[in-house]
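As written, the chain order gives the labels A, B, C, D and E, with residue 1 at the start of each chain.
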Amino acid sequence: MIDFFSMLFLLAGALFFLAGTVGLLRFPDLYTRLHALTKADNVGLGLMITGLALQAESLSVAGKLVLIWGLVLLAGASVAYLIARGALLRGVLPWKR
Amino acid sequence: MGDLLTDAHWGVLLILLPLFGGLCSFLWPSAVKFIGLATVSAVALSVVGLGDQLLATGVYHHAVGGWGAPLGIDLYADGLSLFMLMVTALVGLGVSIYALDYFDQDEARRFWPLWLLLLGGLNALFLSADIFNLYVTLEIVGLAGVGLASLSGGGAALDGAMRYLMATLLGSLCYLLGVALLYHSAGTVDIPLLAERLESTPPVWAALGLICAGLALKTALFPLHFWLPKAHASASAPVSALLSALVVKASFYIFLRLWLEIFSVRTEGVDDLLGALGMAAIIWGSLQALQQTRLKLMIAYSTVSQVGYLFLVFPLAAIGTFSAWSAVAYLVLSHALAKSAMFLVAGNLMHFGGHDRIADLDRAVQRLPITVGAFALAGVSIMGLPPSGGFIGKWLLLNEALNQGRWDLVFVMMIGGVLAAAYIFKVLGFAFTQAPVTHEPKGVPAVMEWSALLLAVAAIVVGFLASPLMLILGIGETVELMGAGQ
Amino acid sequence: MNWHAWIPLFVVVSSLLPGLIIFGLPEERVGWRTLLNLTGAVIKLLLVSWMIWGVYQGDHFETRLALLPDLDLVLRAGPLSLFFVALSTILWLVTTVYAIGYLEGSPNRSRFFGFFSLCVTATVGVALAGNLITFLLFYELLTLATYPLIVHRGTDTARRAGQTYLRYTIFGGALILLGTVWLYQLTGTLEFTPRGFLSQIDPQHYPALKIIFALLIAGLGVKAALFPLHGWLPQAMVAPAPVSALLHAVAVVKAGAFGIVRVIYDVFGVEFSADLGVTTPLAWIAAFTIIYGSLRALFQDDLKRRLAFSTVSQVSYIALGVAIAGPIATIGGVVHLVHQGLMKITLFFCAGNLAETLGIHKVSEMNGVGRRMPWTMAAFTIGALGMIGAPPVAGFISKWYLGVGALEAGQDWVLLVLMGSSLLNCAYFLPILYSAWFKPTPKSWPEEHHFGRQETAWALLLPPLITALMALAAGLLTGLPFSPLEWAKIIAEREFYQP
Amino acid sequence: MNSPMIYALLGITLFSVGLYGLIVREHLLRKILALNIMGSGIFLMLVALGKRSAGELPDPVPHAMVITGIVVAVSATALALTLMLKLVEASGSAVLHDAPKDRS
Amino acid sequence: MEALDFALGLFDILLVFLVLSLAWLVMSSEDLFRAIVLFVAFGLLMALVWVRLEAPDIALAEAAIGAGLTGALMMAALDRLSSVKPIQKVAASAQRKQLSLSSKVLPLIALVLIVLGLGYALLSLPEIADGLTPNVKENMAQSGVKNPVTAVLLNFRGYDTLLEMVVLLLALLSVWSLGGERKLSPRSTNPILGSLCRVLVPVLILVSCYLLWVGADAPGGAFQAGSVLGAAGVLLLLSGWHVEQKYLLWPLRFILILGSGVFIIMAAVLLLIQGGLLTYPVAQAGWMILLLESAATLSIGATLAALFLGGVPKSRVDQ
């Protein structure tokens, strides 16, 4: 049962990563790529962590996994903001149709 | 008391003292000169202590951490190591005294910590019996060398330092790859154990090639010498002296040590290749030195050619004897003393006239007689004229070459000597004449003049100390065994 | 303590130490410098006299210091070495006096006298060397010590002359080094032994020995100015006069010639060299050099250059005498070592006096100089006559023994050489004497200096007079027990007759 | 061929690629990158071959060596980068120019 | 099980391919910025490789130092490089020069030859070799720690580590000697960076302590902990951390030499007591190693951050 949920979460996570990567490659400009990347990665990683945490031997391992997710969320969000801000300041214009 | 002295761990002290001194001099920049000189003197005394110990008890062996090879690292000192430590202490002491007056306060604060750590690295290198540990010491020596080379900060010095850094890192990496191959071939990095376990297999051959190439690059063996002239010529004088006299010899020592203990029986053809490169280095380096118009570049190219002499020993050692090895040790010693003296002289002349153009030395003989005298004496040793350390080394090497009928080596050595005389006397000749444009000379501190002279005189005096020095070299019989065991 | 084991070393040190101290003396301490120089010279003279007396009685003087585990530095006093040591010691004393006068007031005298002493140290070392490696050591030291003297004036010409000198001598030194190592490798010893140490050697090494002989002689021939290795000598004339005097009469040229004698007598042995067939080519080269040098001298207007080519010619008498390989010729050759020294140094002193006092550098400027400087020119005349070989000056003795020796050894052609050379000597010396004494004095000299009532300074005048008298005495008093001729006979006896 | 050997071969290939870059590329920053890649290759080989042991655990000694090596590498890199910056400041170029005379 | 092996094999091959192509791209890409980004990616993939090779200690070190700090150093250098001079032009002219056949093709041939030669050498090594595994296992009980890598680093080959600390210090000394004084950057006006710092730095310090502590028994140790600490330092420097000048003199220097200093003193003391360089008494080995590691962690962290700064730090005078 647990194995099944694990697999489910992991596959879902992988799907998000895939989508994020496709976005990274296909989206037209920096801001949209950033959007795809961070959003997908954050959710994807969260799903994966959940899937892995289900398999964890002890609560502390699961805790560590969640901690990692928290750190990545924090770092990802901040860095995405910093990159976008830097780009704006350097005069990179958002894409328009 | 006597027991205390012979039982003391002089070898370990030789490593810890300069490292500790380096840290202290970093921590208390205002006292660098005092800390530096005290440390270097203490190191010199410890070398004497170690020498005394070795003469009494034979080789020194210390298993770090009490583990012993192959798990732990062994320190090991025999005659050859002691000899190198002695060279280092002698040159180090001379250059240190010189540096007292050479650097201003700011430069001194940067120089001394680097130099003391370099000294620690060199000592550790000469005492190590572990090829991975040798890698780490090589890196200490290399990085400290680069730091020192860039000390004076001008564009040329930075350029030289950069070349040096690239070469030394590449050399280290090649060496490390060789070490990795050896470790996985024999399951140990301890030199004596490697000597027992290694067989002539492809990985060992590959390791030999890589280690030789890496060390040859660091030793600036022709044609891998391209980095040396600029790096050595553009550094400040005491640094050039240390680099040319000691740092180049450190990698050569590893070369020699590994050859003696590990590779000697497994090499055919490699020794001849090294000999051929040595010969090319002698000729090429001398010719280049002859063409230089700047003194420091000339001295640097002279190092390239003198390094060539060191490599002549490999073809001779295949069926060689003790005298071939002592010849090379002697050349190392006398070249270290003479070359450091020469670079210090160049420093004096630059300080004096603000340049080092050979043609404009402008009656330096009259104005700086001690300095020019030092150059001349050092030159005698470099040319290999009697009586000097260089002569003894050359005599032994010539003798061995003739014994084995290696006329090619004999001729190259003769030509090299004549060429060396040509470039050295070119300098001396211009030191007598008046330059077309005279300039207001600056006085040179006496300490700087005398320390250069002392090193040069030492290069001559060792020409009379062959018997005791060979006694020292014979400790542990590594050298003798290798000579006889072919 | 066994003094005999240290005297040879003391002899060397007696000029080395003053030299080193003089380097440290400030320029203006003239008194101290003179004192040191003269004290050293006198002590050396005393020590050498002691050794001569001792060796005459059969004592053994030898200093031995370990250089390498199986190779020693040896200083040994034998008849041949003492012969040369005595010459250099006496002439050093005289030349020092002369140099003090000559260089008065000129710059860098401490350096000059320092190297001057080193130069003599090296010469004495060359003389006393008891084996080939010691010889080589001092021989190279001589090269190094003379270089600063040659470039002493610091002009561009001087520097170039110095470069030329080094080009020749360093090359020569390398040849000797090669020959020495090779010899050592073949025999395992380098010890000078009367009649050589090679006669027992395996004949398969003969070709190698011939090459070694050629290497050694070529290397020595550079300093001895054997044709075609003489090129440096005339150029080296830019040096101050005392240096030229010392270079030609005692130090450099003689060290080369002495080395040739050593190699033939004490390394190869006369008989063995003759058996090897290497002496005849040497004799030919020497003979050619004699004629060639004289011919070149004939066409020099510069006085010192003329004397230089004369040296090229005269020194080869020594090599010739030795190469003829007979006892009497040996006496002639060896004794010429001293005779030529006495005569040539006189000539150079006189040339220096002319230059210093009157600014005369050329033969063509010497008209009537005999009346302005009679004493100097008298000494010059004695020297010149000696060179020609006119009795009773010393040169006659040398040529006589050479000629008789050549006849005895069946090498009659040498006589022709001697005669030709003497004629040439006449041709380049007699016109000088003629114009100096008999041509009218010009109104003014190129650059005249006055020294009170004498024709020139005492320190400049006395040395040539003394050496000229000695040259005369060596020719007249040949029968006295310590005369050069007697001593040369002892050497020849040792080489040819002793068991 | 087992997977450690594949990684060991990757190691030497990285070493060679780095060496190639070091020789061919002229910009100093690239040379520094090249040295780092060479180092990684050596480390990889060292550790990968340590997995040949018969026991369960890989040989820990190469691991320790590699950690040492990584620290050495970062030290050297930092020094090289600073030196490069200073050199560019002084000479205006991030390429080492060889005077033809000094070429060998 | 077999399926897993196959999948892992496939994964290995994919990873090898990726690492290799990244390395090639790092070397061949024309844009330096791109090359550095690729190099960081290369480092991260290398960390993965280390995990595959069951070398978690190295994986941690590689991720923190190899990819993280080295990347940061290079980025910072590139940034300063472009502020010094328009380097693109220089690079472009350099490119044009190298299009010649011999300068590019010959090294390529040499490369292939080296790979073939070394590959042959590797393949002729014995299939199974224990190396020093048995020796380590045998002596683990006396080492004072339970993580074999830590045992080798701090005990069996502790002397190497001592010298390695010296190497690190040397690099810093050289950088300081070269770089001259460098002012700490001004406080960032960016609110997010500041808050990120405030959250992340304590976490990093915590992680560092954890790594240090756990190193005795499990993957981790002074180097990993130190590099995490160094990362925290870099973050602080970027966000414009203010340090008063008085702390930048003696106290900073003290922290910088603490690691090597404690190592040397420990070595000397043990030499006196035990008669051997770094010969720990078995009973005390554990805490001694921890002491050494703690000091080393502080030094490594401080040194790495200082290396990032690239010169002798000097307090800015903004207040």
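We adopt the following convention: contacts are C-beta pairs under 8 Å (C-beta built on N, C-alpha and C of every residue); 3 or more make two chains touch, one makes a residue touch a chain.
Since this is a predicted model, take the numbers as computed values, not measurements.
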(Q) Show me the overlap between the contact partners of subunit A and those of subunit B. (A) E
(Q) Taking touch as defined above, what minimum step count separates subunit A and subunit D? (A) 2
Q) Which chain has the mean of its C-alpha atoms lying nearest to the mean of all protein C-alpha atoms shown? A) B
**Q.** From subunit E, the most remote chain by mean C-alpha position
**A.** C
Q. Which chain's centre, taken as the mean of its Cα atoms, is farthest from the centre of subunit A?
A. C
Q: Could you let me know which interface, A-E or B-E, is made of more C-beta pairs in contact?
A: B-E
Q | Geometric centre distance via CA averages, subunit D-subunit B, whole Å | A | 27
**Q.** Geometric centre distance via CA averages, subunit D-subunit C, whole Å
**A.** 66
Q: Could you please state the distance in Å, as a whole number, between where the Cα atoms of subunit D are centred and where those of subunit E are centred?
A: 13
Q: Mark out which residues of subunit B touch at least two other chains, giving numbers and ranges.
A: 132, 136, 139, 143, 146-147, 150, 153, 183-184
Q: Would you pick out the residues of subunit C that each touch at least 2 other chains?
A: none
Q. Which residues of subunit A are in contact with two or more other chains?
A. none
Q: Sort out which chains touch which and give me every pair.
A: A-E, B-C, B-D, B-E, D-E
Q: In the complex, go through subunit B and note every residue touching subunit E.
A: 9, 12, 16, 19-20, 22-23, 26-27, 62-67, 70-73, 75, 110, 113-114, 117, 120-121, 124, 132-133, 136-137, 139-140, 143-144, 146-147, 150-151, 153, 181, 183-185, 187-188, 201-203, 205-206
Q.
List the residues on subunit B that touch subunit D in their complex, please.
A. 132, 136, 139, 143, 146-147, 150, 153-155, 158-159, 161-163, 165-166, 169-170, 173, 176-177, 180, 183-184, 222-223, 225-226, 229-230, 284
Q.
Which residues of subunit B touch subunit C once you look at their complex with the stated criterion?
A. 363, 365-366, 369, 373, 376, 380, 383, 385-387, 392, 395-396, 398-399, 402-403, 410, 414, 417-418, 421-422, 425-426, 428-430, 432-434, 463-464, 466-467, 470
Q | Sites on subunit D touched by subunit E in the complex | A | 3-10, 12-21, 23-27, 29-30, 32-34, 36-37, 40, 43-45, 47-55, 57-68, 70-79, 81-86, 88-89, 92-95
Q: Would you mind writing out the residues of subunit E in touch with subunit A in their complex?
A: 190, 192-193, 195-196, 199-200, 203
